Amino acid sequence: MRSLLLEIQELSVWYGEFEVLRNISLELRSGESIGLFGPNGHGKTTILKTISGLLRPKGGNIFFKGKNINGLSPRERVELGIIQVPQGHQLFPRMTVLENLMLGAYVATAWRKRKENLEKVFSIFPELEKKKQQACSTLSGGERQMVAIGRGLMGDAQILMLDEPSTGLAPKVIEKVIEVVRKIRDLGQSLILVEQNAEYVLDLTERIYLIESGEVVAKGVGQDLLSNDRIKEVYFGRVGG
Amino acid sequence: MRGKSIFELIYKIRWLVLFAILVAVPLLISNPYLLHLIILSLMYSVLAASWNLTLGYLGVFNFGHIAFFAIGAYASAIFGRTFGVTPWLTMFFGAGVAAVSGVLICLPVLRLKGVYVALITYAFSELGHYSAYGLSDLTGGSSGLVGLSTFHILGSTFDRFGEVGYYYVAACLFVTFIPTMWWLIKSNFGLSIIALRDAPNYAISRGVSKARQHLLIFLVSAFIAGIMGAFSAHYNRVVYPGLFGMGYSCDVLSMVILGGPGTFYGPIVAAFLLTFLIDFMQGLGPYRFLISSTLIILVVIFRPGGLSSLLEIVKLRKFKGIRQEENLLE
Amino acid sequence: MNLYQIIAIVISAIILGSIYALIAVGLSLCWGTIRIFNFAQGALLMLSAYLTWYFAVSLNMLQFSYLVVIIIICSVMFGIGLVLEKVLVEPIIGRSNIVVLAILTTLSASIFLQNSVLLIFGPRSKQLPKTIEGVAKFGGQVIGYHELLIVVLTLFILLGFRFFLKKTKVGMALRSVEQNREAALLMGINVSWVYSLAFGISTLMAALGGIMIGSIYTLTPTIGEAPLLKAFIIVVLGGLGSFEGTILACYVVAIIEAFSTYFVGLFWSPIILFALMILILILRPSGLLGEAE
């Protein structure tokens, strides 16, 4: 049985007077890849933000390798190896590709390994090496996403969290992104993947949590969930418009 | 439901009670210095309330309001001195000039956002400061103008009766302008301002004109500040460049901030409190600027709602009919 | 007006513009990183000049070296900047109306500093000595060695700062906070520490500017007010947040100021600048070169 890397117990998060996450519990084992699936705006990104320390929960606990990290700052969590590739790339627009990647290795533990991690990233995304001195605001959407993922890889992550890496991209680029995520996963990286697209999340993850209206409404292994009515409703509901 | 308590009764006729108190004050207080402080308090409370109109209710980052006060003071003084007109009239001239400058500064303010408004209004009052020093032929330069004429009634000046005459002038100004501002805020016009501040797109779609609002509020608040400035000029019988200065501005600003910008009674009460407090410290001279500046910092950091938010903790809130007001700094 | 006069005016503008550059870059840094406008910049300039006077003249430490005094003052002022950030800025970080709150706190702080200095040092004007006495003469123009040093020094400081921003890890962190604060947090950057650093550097710039101004003009407690206003005009013209635009605007404003002083006298030139500022803001509310808010 693989060790428990991340455990979230009964998390409750509020935006002002609104409870946006209620009673969220989930777990991630070492080397596992889990998916957070569900419709837009229902709390998936909020969960990631809380794990990264950008938001403080009103109730509940987050344990990383058995230790409660509720009181840790975002910086301390990155130092532990909790790395997020946020939604919408969130690059530093006027900095070059290289600078963005380097910032991914900002914390001391990752900074020491920055040269070798950079080589790894360039081997995965050779296009980026060619454009490494280019400012990110001049890149295409697909290239930006690659930089964003590359930047996440520079952080020497214990847990890598990807927030909707495929959204808004052209099909060819999505293919590439999925291939990269699959490769990372196969190398043993523990992953949390947030996705709206059922096909990708089923393909890339071992277990899925279905998040709706800020709550975990279903969870299970991909195959089991395929027959789950809620997933069908969400999946077909989206397709149906 | 409880029966009407004595406090509720007083609240209902509060304007009448206040009026009675105001009339009675000089009959009850014979100490001229105490009366002087009350006169200053009345003056500052109207000034602070007028600043509150733009800073608090309109939500404009107006950091130059003191200039209107100073412009009113100087204009009234210069006009009176040049043409030998009585202060009763030059007061309105001063207020008029201040009002015009209010409209003038409002125009760029309309076009700008956020911090740029602060820059422009700050620069405006500093420019006034600078001009007061520089146009020394007109303004008396760094020493200002002294020995200004004061209020006359039936041929004799108010000095004859100690502070009492001035007190009633100040009280009249207070009784005229405070209710005017109250009415302005509580009227439909006032509601439209709050609407524009809190939900601009909706308000505009319902026909609220931002330009008209701003111009009117700037006009009124500058006019009121100007007239109080003129009163100050003929009460203290001196004008000097420091009236434009940031130190003086800070004094009055601390009244608005301490009272709670965007609330009505807050700045008025704070003006009284601070006038007495500052006088208590007066023996320390320029130390009072240290106090008012520190006060602003403390209030901003710890209780941005000012006095008004403290009052909420007190029983006052339980009374029927007192609406909770929106506070700008919270 | 002949060529000699024009060159003389331009020279004095360059000297003035260099000093403005330090103040304006500091303001721009605070705005870019922390998103606040530091109204205390002028007072900090003044404070630095007075402290220098105290050490250099009153304590007569000049006997050791002006350089040593300057280094001490710079360190002290940097420290004061860090302290002020903790007191005036950090408590209000995260509040929705942080811009106006910061104006209130920094404005109040400047009043506090001004009046403190007035109380401690008295209203009589003082004078900071120049570093090098004497003038250089060339082509009919005269320029003091000290003033020349100021221009050269400022150039080094600005270049050094630019180097710091572009080539060092900390500088990169600073830029990242400016460009995307939340992403910077996700990189593990200590944003709160970056805020302190930005404010400290900004104060340091003001400190240097203060020493320069105090050595050219007479030192009074209000010496910081006029440069602050000019700096306001500069950041409006150059656009908040644009480093190059700000530097350019410094010299443009200095040139306009120098020429208008020549033509309409010392009194009217600030008024002309003020009118210019209003004009620019009316035509282009986001400044001439800056980002659209």
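For clarity, chains are labelled A, B and C in written order, and residue numbers in each chain start from 1.
The definition used in the following text is that contacts are C-beta pairs under 8 Å (C-beta built on N, C-alpha and C of every residue); 3 or more make two chains touch, one makes a residue touch a chain.
None of the values given here were measured: they were computed from a predicted structure.
Take away subunit C in thought and the touching chains that remain sort into A | B. With centres computed as the average of Cα coordinates, no chain lies farther from subunit B than A.
Among the chains, the centre nearest to the mean of all shown protein C-alpha atoms is found for C. Averaged C-alpha coordinates put the centre of subunit A at 43 Å from the centre of subunit C. Inter-chain spacing, taken between the CA centroids of subunit B and subunit C, is 33 Å.
Subunit A and subunit B, compared by their mean Cα positions, are separated by 55 Å. The residues of subunit C lying in touch with subunit A in their complex are 169, 172-173, 175-176, 179-180, 182-190. For subunit B in complex with subunit C, the residues that touch the partner chain are 61, 63, 107-108, 111-116, 118-120, 122-124, 126-127, 130-131, 134, 246-247, 250, 253, 257, 286-287, 289-290, 292-294, 296-297, 300-301, 304, 328-329.
Within the complex formed with subunit C, the residues of subunit A that make contact are 52-54, 73-75, 77-79, 83-84, 86, 90-95, 99, 102-104, 106-107, 111, 151, 155. On the subunit C side of its complex with subunit B, the touching residues are 31, 37, 39, 87-88, 91-92, 95, 97, 99-101, 103-105, 107-112, 114-116, 118-119, 225, 229, 232-233, 236, 240, 267, 270-271, 274, 277-278, 281-282, 285, 293.
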